[in-house]
Structure formats: C-alpha cells, structure tokens
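Structure provided below as structure tokens; questions to follow.
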C-alpha cells in the first residue's frame, strides 16, 4: 500500500514521508503488542491443555492421593475436588446474601454521600491482596482453634463480597425507576417493592455476577493456605474439618520434584481452567443479554 | 350532583400521614448492617493484623520495615522486612515496566487499528488472560517458563548485558527473580490493558476528528490528543496494576526461589513480602516468627492499600474533570 | 406570461460581485460522485466545479447529504467503516478520492471546521500551535499563532490569556479558535460544515465576516441550512435535494449550482425555487 502524497504547485507536503514512516512504525508496534498478548494466552492455555489432557484420567476424580507413594499405585485428587465443591459452595452461600444486601442498601436506601463513601470502601476492599485476607482469617479464626473448611470459605467469601456487591449495584441501577415508582404508586411498601419487584427483575444480572465471582475464587490459593491446607488424604465432605482444595493441591504438587506429581498438577489445572473459562465466558454472554432485558430495552 | 356533595369533606382514607412500616425499617436495618459490616471489614483486617503481629511490633518497632535479616535459628532470632520489601518493590516495578508498553500497545491496537472483525475476539482473549488462576500461571512458570529462561534467555542476556548489575550470573536453582517479573507482567497485563482500552474509547470522537482534519497522522493524533486526554486514567490503571503485582504471592513464591538479602541481580533468587508469607504457610517455629510473618503481611497491606486508595482518588478526580464539559457561558 | 418571483430572501450586497467566468480559476472538479454507506446511497452523481478564492455554499433540506458531500473533499468519510464512494474529485489535477492518495496529505491542504466547536483540551496557544508543531512549521510559532488568531478575529479577546484552557471560552469564541487552528497550518481550502449552527446571531455574524475577509487567501466551501446565511456570504451556491429512486429509496442529488444571486432570484429548477421561497424544506 504505497499511498502517495499530492503533488502540485503551492501544496504543503512538509516531511510527510518521515511522518508516515513513524506512523507505520507505531502501527506495527501496536500490532506486535496485540500479537504478544494473544500469544501469551495461547502459550499458557496450550501448555495447560496439552499437558493436562494427556494426563487426564478418571482416577483423578475417583482416587485419593497416597502420601509419599513409592509405587505406581493409581492415585488421584478426589479429596481436592470434594473439598473445592464444599468450600466454594459455602463461600458463595456466605457472600451472596451479604453482597446483595449491601447493594440493596447502597442503591435503594442510602443517601448519596454514604453511597459514594461505602462504595469507595468496597473498591478498596477489592484491592486487598488474597494472601492478606488469608492471614486475617488466620489470626481471627484459626489461631488457637485450628483450620476448617468453613474458615477457608469465610476467607473466600471476603474476596467475593466486593465483587458481588459491585455487580449487583450496577444491575440494580439498570432496573428502570419507572418500575419502582409504579409499584410505590400502587401503595406497595418500599421493602416489598425492593424484594418482590426490583430484585427479581435484577435476578439475571445477579446470577451472572455471582458466576463471575465464583470463577474468580475457584482458583484462589493464598487464602486457603492458612485456613484449610493441613489435610489428610481421605476424601471428606465435612466442613468442620480442613479440606483439600484443587488450587492448594496444584500448589503443593507444583513444588514437588516428582514428575508424576507434576502430571497430576497439569491434569487438575486443566480441569480447573476449563471450569473457569467456561463459567467466565458463559457469564459474559449472559451479562450482555440480561442487561438489555433488565433495562427493558 | 348537588352542591352539597361538592362541599362535603373528603372521606378519610386509612393510613394517611407518615407511618413507619416495620418491613421498611427491617429491610433498611438488615441491609444497612451488611453495608456497615462491609465497611468495617477493612478496618478489622488492619486491626487484626496489627493484633497478630504485636509481638514483633513491640520487639522491633518500625525498624523492622527496613531491617534486612531473617534468621529463624532459635537463640539468634532476628527478623526484618527489608529484604522482602526490596523484593516486592523491584519485582513489581520491573513487571510494570515490562507490561505497560505492551498493555498500552494492545489498548491502542484495539481502539484505533483493529479491523472490526477481530476487535471483539482479541479483546475477549486478552481479558481471558485475567481469568487464569495465579497458581496455574505459577505452575506454568515453574515447569515451562522457568527452564526456558534459565537455559536460554538468562545466559544470553547475561553474556550481552552482564555489565549492568541487573543482569548478573544466572542462579543454578532454576528459579529467579526474573521469572517472577515475567510472571507478574503477564498477570497485570490484562488489567492495565482493559482499563486503558476503555479510557481510549472514551476520548470524544470529535476531538480526534479535529486533529485528523489538520492533516496529522493517526499516531500524531494519538500522541497529541488521545494520550493527554486519557493521561489521568492511565496513571490510575498503572497504579492498580502495581498494586496487583505487589499483592501477588502464589505465582511469585512458586518461581522466585527464596532467599534473604538485597542484591540487584534479577537472575538470582529472592523473595517478596507475599512470597515469604506464602512460603511459610506450613507453620512458624516460634511465636516471634509467626508474629514477624504477620508483620510482613501488615507491611504488604499498607503498601497495597496505599496504591489502591491512590488509584481510586485519581479515578474520581479524572471523572470529575471530564464531567466538566465544554465552555461556561454561550 | 413570465411570472416574477418575489425573493423571500433579501440578497445583501456585503459581498463583491462575482468576477466574470473567464477569470474564475477552478480548484475542484467533481465528476459523477456517489457516496454510499453500506448499501444505501447518500448522494448520487454529483458533478460540479468549485472555484478558487470564492465562498461556495451548499444548501438544501436536512438529510440531502450536504455533510456527507463536504466530507468527501477531505476524506473524512474514510473514518466510517461502511463508507464507499465512486466518481472523482480532481484537485490540482489529481483525483483525491483515489485509494492510492494518502488522506493525510489531502487533509494537510484542505482543512475543516466542524458543526460543534471541538477545541482540544489544551491552552488557547497550544490549540493553535499544536498543528503547526506537528506538521513541522516550528519557526516563528508565536507569530503564526498571533496571525491565525487575528485572522480569526479572536486575537484581541484572548491575547492576555493565551495560557488559559481553550475550553474556558464561550461557544462563539471556541469556534473562532477552531477556525484559527485550521488556518494556522496554512491550508489551501477551508471546509465549513454548518459552522455557526450552534452559535448565537452575533457569533454567527463574526464568522460570516471572517469568511468574506479571508476568501482572498483561502477558498471556502460552507454547508449551511440557513438560506439567509448563504445569501449573505456565498458567491456560488449549490442546491441539493432529496430524490427518490425506482425502488423508493431516498438519496441526495445536486439540483442546481450557480451564482448565488441567480439561485435566489431566478432559479432555473422548480425544486430550487420551491426551496428558496420557503415552500418546502
């Protein structure tokens, strides 16, 4: 594509070729940056997928790990899968109602200065590193009392809370005011309007936000290191015990020198990544659809 | 309808006047309590960390923050955050340095150059990178990236640029600060990129048209109009990325190798505040060590709160400035 | 029996009479220009000549493609992904619509002032100077800025606050700043897309006077929906209107193009007459 300048008497062309060269150089760099970004993702996902896929087998889900195994007896990570389900489930059960209530308060009741102030605090809470949250729950609940899945879930819930609150707030703001006014105008009390009219209308968006929050914490390792990491190899569903989780299992396996451990780490990582990607993409797709529906367009 | 009907007083409707409904109060109290709890949580976190580390705070005071030492040997115990603070600062800043040009390049590409067909897929791909859990990036870092860096890149850089203290001899351990920097850069790339992208999209098109109509190239318009307009927001994005890098513990601890002491060689091993804490999750041997580890967490918390609050302040200030639109009076 | 048409538009004599045809120098030769968005044609088959150092007005009802047309002259429509055009616009003998002509070079010589003032969020000085700096006109920047602001009739009002933000000016002042910005880089032609439609009458008058004062140095093409404005400032006027095709689709078309005096007092086409006498549009 050799675009030429104009030529003619009295026309200004000042350094156009050099400027065009600089422009092309910058465009090339931008293309390169995009290529790097896509390539990095490709390389990481490819590594996890190709190594994980080859090591994938049903044993992973059905067999427990064997401590210090010197034989080639089949082992898996069934305890980690069970534990992750329990802990993430509990965390969602804790964070979801609180997050919704916070959002309801800020969006429906709070005067503007409180809304911005508390909103700021929630954004700051979202920036607290996961490992600090882990230490916090450790000092608060674990010291002197021991680890348990519930405490791990509590740590994850703290990480989920700002997320759920923010997305719920945004969704509530999308619900047209006319809907609230119509209900209030009929004489329906404010609390009833909020619970029976506004929240159900926003339900789609809230679900989406929750799915995204779950995708985010399903892979979190740091908070669980201090709250639910000293575990046995038996598969347990008891939340009062410390349960193994997939991220922590991957973490421990990755530090081991045994290549068989690495293999199981890749396989578990593959499943984890699949779940997270699937949840994220589904949630994003749902989000665009439900946003339109909620706003009534 | 007689005149009498018109002048008759209106029948009294029940529930006139302000009556406080139980349901309204109940919902407001419960929801307000949740909001209060969330607000208090940040303060609670700070307080609990101070509480948990008070043994170390009372013993070492603020000098802990800069002391370069970590000796758990009983009888000679001495702890300090200095080595790890240095590690956190150097890894985070260098990661930001590496990630920023690529992230801004991606954002510019998506807003100015990409053909419509690939805009959405590339945007989704870059944002998907943010969804990959840190433990997986760390796993990839240990088993894939680390060996490549150790056997190929680091020796090559050392032979060419070894006169710069940053590029000293590669460690034999296979783990290095450099690997941690690359891993962190990968993790903060999506954040900086997607915030920058939204900022660039927010530049009013008439400003760009005005610049292009003068006969400037696309790059000149970006440099003269888009960048200055988005400057504040990009600063906030960078600070947020920095905060994220500082707080990352898992992926860093997997690839950084561990070690105490301040040295500039990024091909050697080291530790950051986060990675040191994560490394010791299996337990501390003494109460003092435990308290010192929590003290490390406290230092990290202060750093990332600082970064986060700074970013939020900038965001709100920029939003206010751009909210003031063209000219006062006609 | 001839019917004299009472002009509802008073043609004022603020401008000089048109030079005789032989002395008019052609600067643009438009031939068979079609402008298409996606599948819909915005304007079809426009052929006309624009003359140097005159003010040429483009008038017509809304939706007739005036803005699209003027933006063809500086390739601004290239910014819209679905846009296509066929036909030619010859400028100094070269077809500027050709795909091998760099739009940056075109815009360098053909500047534009937009409907809504769009000054940069920079100081008043930098608003005018930025273009000069980037385009390599770095010498004597202060004089260039002063000259441009003077020609745009803004210098006296801002000379003491050149460092103030361009956005702190009133709407009319901002538009004159945009004009100064455009002429600071010394273009050949200045395109004005309804430059006064967002301004009050006094600001409008300032801009119209500007065009009359400067047309000896530049060539102006102005799109306006205000017929009185065209009558006041333009030497030549082109009337566009909306036509219907066989399948019922609407597109813009050049109906009549002539000296302003003739367009408003004795138009040849009935559609022109209907428009300028206010019967429609």
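Should a chain be cited, it is by its letter among A, B and C, assigned in written order, with residues numbered from 1 in that chain.
In this text, a contact is a pair of C-beta atoms (placed from the backbone, for glycine too) under 8 Å apart; a residue touches a chain by one contact, two chains touch by 3 or more.
Please read all numbers here as calculations on a predicted model, not as lab measurements.
Fewest steps needed to get from subunit B to subunit C, stepping only to touching chains, is 1.
For subunit A, the chain with the farthest CA centroid is C. Counting C-beta pairs in contact, the pair that comes out ahead of the other among A-C and A-B is A-B. Between the Cα centres of subunit B and subunit C there is a gap of 50 Å.
In this assembly, the C-alpha centroid of subunit A lies 53 Å from the C-alpha centroid of subunit C.
Spacing of subunit A relative to subunit B, judged by their CA centroids, is 15 angstrom.
Annotation for subunit C: residues 104-106, 108-109, 135, 185, 187 touch two or more other chains.
Subunit A has residues 19-20 in contact with two or more other chains.
Shared interface positions of subunit B, defined as residues touching 2 or more other chains, are 217, 220. Interface residues of subunit A facing subunit B in the complex, by the touch rule stated above, are 19-20, 22-23, 26-27, 29-34, 36-38, 40-41, 43-45, 47-48, 98, 101-102, 104-106, 108-110, 114, 118, 120-125, 127-133, 135-136, 138-140, 143, 158, 161-162, 165, 189-192, 194-195, 215-216, 218-222, 225-226, 229-230, 247, 250-251, 254-255, 262, 265-266, 269, 272-273, 276-277, 280-281, 284. Put simply, subunit C touches subunit B in their complex at residues 74, 76, 79, 81, 104-109, 111-112, 114, 116-122, 130-131, 134-135, 167-174, 178, 181-182, 185, 187, 200.
Considering their complex, residues 116, 204, 206-207, 209-217, 220, 224-225, 228-229, 326-330 of subunit B touch subunit C.
Across the complex, subunit C is touched by residues 2-16, 19-20 of subunit A. Note for the complex: subunit C touches subunit A at residues 91-94, 96, 99-106, 108-109, 135-137, 185-188.
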